[in-house]
């Protein structure tokens, strides 16, 4: 569970609701179902035109990842890799075969298996990098869906407001209704701004950061596997890989 | 047929029409032919100045592709390439000549033909990459037309609204006409926003995604042809190429 | 003559004029010389501060190129290069000397001359690429002038409108003049939007596309000259260079 | 202490306060706690959704760095490196071990230690560059938090203003309250603009510049360490490294 | 003296002043000292927070360069380099020592000195490229100051206008003062737009162009020095370097 995302979402909606409660107008002044349909439905419709169905259908899963992601721990990844390096150094590369089963991380597993199979280092690197690129591409597609939702929601909000204004202006026989008409017209712009700034845009950003963190983990694995295969000293491997961590998170001390 | 695009387009226009129907103003309040001409005609005129005639004339075809594209299937591409690799391994590169006819994909055909002709690997790669770059360039031109239409439509909408406001303001003798005048003035801005957000901008994005998918397919073919020519093991080729697919779509299991 | 640019310009201005004609206000309501001076003069003045005098003075020529460019024909370029390759293959590189005179394209001429002079291939490539980079740089300067004009015109339009509003607001003794005052104030914004969207921005885009087409032609020439010098087979050269053309424009068939 | 940041902040707030004091309205007209909560709370909430908790918690420290950073002095870095180079040249690389203790800069220390340990130059460079990349990444995360705060503050300001306008418009029974209602509605937009332009956006820019300066220092160290290890002449090292300084700050004269 | 910048500045301010003179309002309606302080003072304060004091203090010098720069003449640079190449070819590299004194350009001097000293070509190139990168970095810092001023001036203009509107709206007891109040409120937006579009933004662009021109000159020098050191034919050097010039400015004819 991503506490930061949950607290942020609750806080943002809470502040908006509280500020409506404290205002003079009744809560109902801010509720208009057709406006909601134009803004959210319109944003989804426009985004559907942007992406193939498969990516669209995968996007709710991606949005859940904003809240349900587990914090990555590159430190434990490095521990695993260093431990594998020690085995390889002591008992030879083939000894890693016995340890494949105990590895959780599928990316490490794939690399170790190829190393055990005697695949050439440059082939291993090419395959792992293409895999990394594919993962990156799929994550970027998910982020792009949220980007487009966050960009179309305010646009459809503006379309709704323009329609509301035209309706209001084309019948101004009752001056007392002008204010109420404009209030309704503005609701779609408000919805578009809220939906975009409270949900889609921050979520897209979070997916972006999560992707960057995962790419770092994958990079650590690739470098670790290649170092293990070339028989480097486990201490040197550890020092190399820990440069990816912030200083405080490092187990070894530089040059120690 | 691209279901996602069709449903998105119908939904977006449907929501806008429904929201007009539910409003108090008659439908006719939203129809103004001259406004439509200024916005759509203006956007097309400005876009014509941006591109050579040939690209402009090709753009309706490109727009149809938003709705009529067939989903790409890189999985079957990989199957074809692996099957060619098996033939080449078993019976030699020249045996591929007999299979050229049965290949649908013109890009694979071109590569296999060059391999059979004994063209040097680096020449094959250079020719195929230039071809890929040319395809990419033509796709980007098509996307750029839609980008410009999506950018100029709101601009001409604003030009129309400014003209409408100036007309209205320069003759305010009849106060009761002010509202109607402003309503008409706003219609061009509304048209610009709708045309851009319901059509051109999402379509440009779809063409972008389709292009990226096709480039991935072309990349798979290039790597496959080069691997076949260098006589790699079909299983290794398959594993390499499948890194381009999402894990679920892979026929082989890693390291198996 | 670039038909697309001419038709686009006539159409864009035509639609705007027609829409004014059809409106209720007299044409004179849209004419205000001082407003025009602030917008166009201001945009030119700001752009003058951006560029050295030499680039500014060359920009009217560049704007004429938007309308007077001849469509490039890379197909005939390739024909010329292939014919030179045949001569070189049959009679040796030095035989090209006799054909230098008949070549129109100065870039091919320069390359052939260097090849005949026995210049090293890497020196030829370096010189031709620097030349290409210089041409690209000069084109980009011309495009940049139009970009800045297209960016400053609306800015000075807004400056004019703000000045008009301040004038109007600081003397509201005659309420009946308010509408007319605002109409005049809005004219500069209208001028800025028209000048930018009907002229400068589409023209900048056209120069951009023309530049990209010319760079492709130059790239074809560079690769052709280097292939000729290294004595490649004219058929292979043709196949290589035709990958730059769309499939329909190719004289040879792949793999034929 | 970063005088420029402190003076800038005091000056910006001072000018805004002075301009309010000089105005006709009471200071209280600009104070509205709920508005402040929506804008600042909302911006923080949206930013929390963008980043993992760890980065959010580190951002106050990063903001303090805007004011508490010490000016970097690459000149003294170069002096240290040249002095180390002299020792290494005179007494051998191992003689540096005795000087490790006196080095303050942890990055130089790390490099010298590796050089003394006899690590291969390419390994040293790889480790130091990864470290530099990690530092760069952490700095960019901190800057990104401020970027998002600076981008969401005006957005939540606009959300607040839209809510205020809807409240005001939905109850216009008392015309005399309209002005006051709009004044309150505009306060959130004002807060958003101030918070973003007086604090978050300039601070993000400062962190960006500080990061660039630090990267230059790290680059100097990397090149210095590698030059020391390869036994280059200390004078040449000095000349090489001083190209990173502006001419006036150089101790040696070129070619002297 | 940069005529283009001077004429542009005079013209832009002249048009704005003339257009005020021709208007109905007195000139004093456009003068408001506190507004000027908020906009210009605020923009400077925000920019101070962005940059270290040293860069801020250097920026007035950089702004003067917009008007006081001398047009670069790469043609004469090439002449100098070719003449040095002739000396080096005739009398050997060491003969250049006698000519070092007569060279004005410090960058050529630095290169020639290193060549005479027998520095390795790759070391010379590394040192000169780092120097070029440092110069580029310092120029970009200066441009960045103007960019930020040009970005913050309109922002503080909007802050001022919002404050003015809130003041006006919170006291509407005297309806006749509303117009005047709004006029004053708009003045800060006008100031922000003028300061940004007449001064900072065009100046930033000019610094950008001047920097690009200087980088081209430095690139010419680097290539020239390296060619001289490797003993290339002065005619070939001339032809190589003149590809950086537009065709008309070339002294030699291609292939001659």
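Labels A, B, C, D and E are assigned to the chains in the order they are written; within every chain, residues are numbered from 1.
By definition in this document, contacts are C-beta pairs under 8 Å (C-beta built on N, C-alpha and C of every residue); 3 or more make two chains touch, one makes a residue touch a chain.
Chain labels with UniProt names: A, B, C, D, E = Chemotaxis protein PomA.
Bear in mind that the values here come from a model prediction, so they are computed numbers and not experimental data.
*Asks:* In the touch network of chains, how many steps separate chain B from chain E on the shortest route?
*Replies:* 2
*Asks:* Please work out the Cα centroid separation of chain A and chain E, and write it as a whole number of Å.
*Replies:* Chain centroid spacing, chain A to chain E, equals 40 Å.
*Asks:* With chain centres defined as C-alpha means, what is the inter-centre distance between chain B and chain C in Å?
*Replies:* Chain centroid spacing, chain B to chain C, equals 25 Å.
*Asks:* What are the residues of chain D that contact at least two other chains?
*Replies:* none
*Asks:* Connecting every touching chain pair, does the picture come out as line, ring, star, complete or other?
*Replies:* If you draw each chain as a dot and join those that touch, you get a single closed ring.
*Asks:* So that chain D leads and chain E is second, what is the order of every chain round the ring?
*Replies:* Putting chain D first and chain E second, the full ring order comes out as D, E, C, B, A.
*Asks:* Which residues of chain D touch chain E once you look at their complex with the stated criterion?
*Replies:* Listed in rising order, the residues are 2-5, 7-9, 11-12, 15-16, 18-20, 22-25, 29-30, 66, 71, 176, 179-180, 182-183, 186-187, 189-190, 193-194, 196-198, 201-203, 205-206, 209, 213, 216, 236, 239-240, 243-246, 254-255.
*Asks:* Inside the complex, what are the residues of chain D that reach chain A?
*Replies:* Touch residues, chain D against chain A: 34, 37-38, 41-42, 44-56, 106, 109-110, 113-114, 117, 119, 123, 126-127, 130-131, 134, 137-138, 141, 148, 152, 155-156, 158-160, 162-172.
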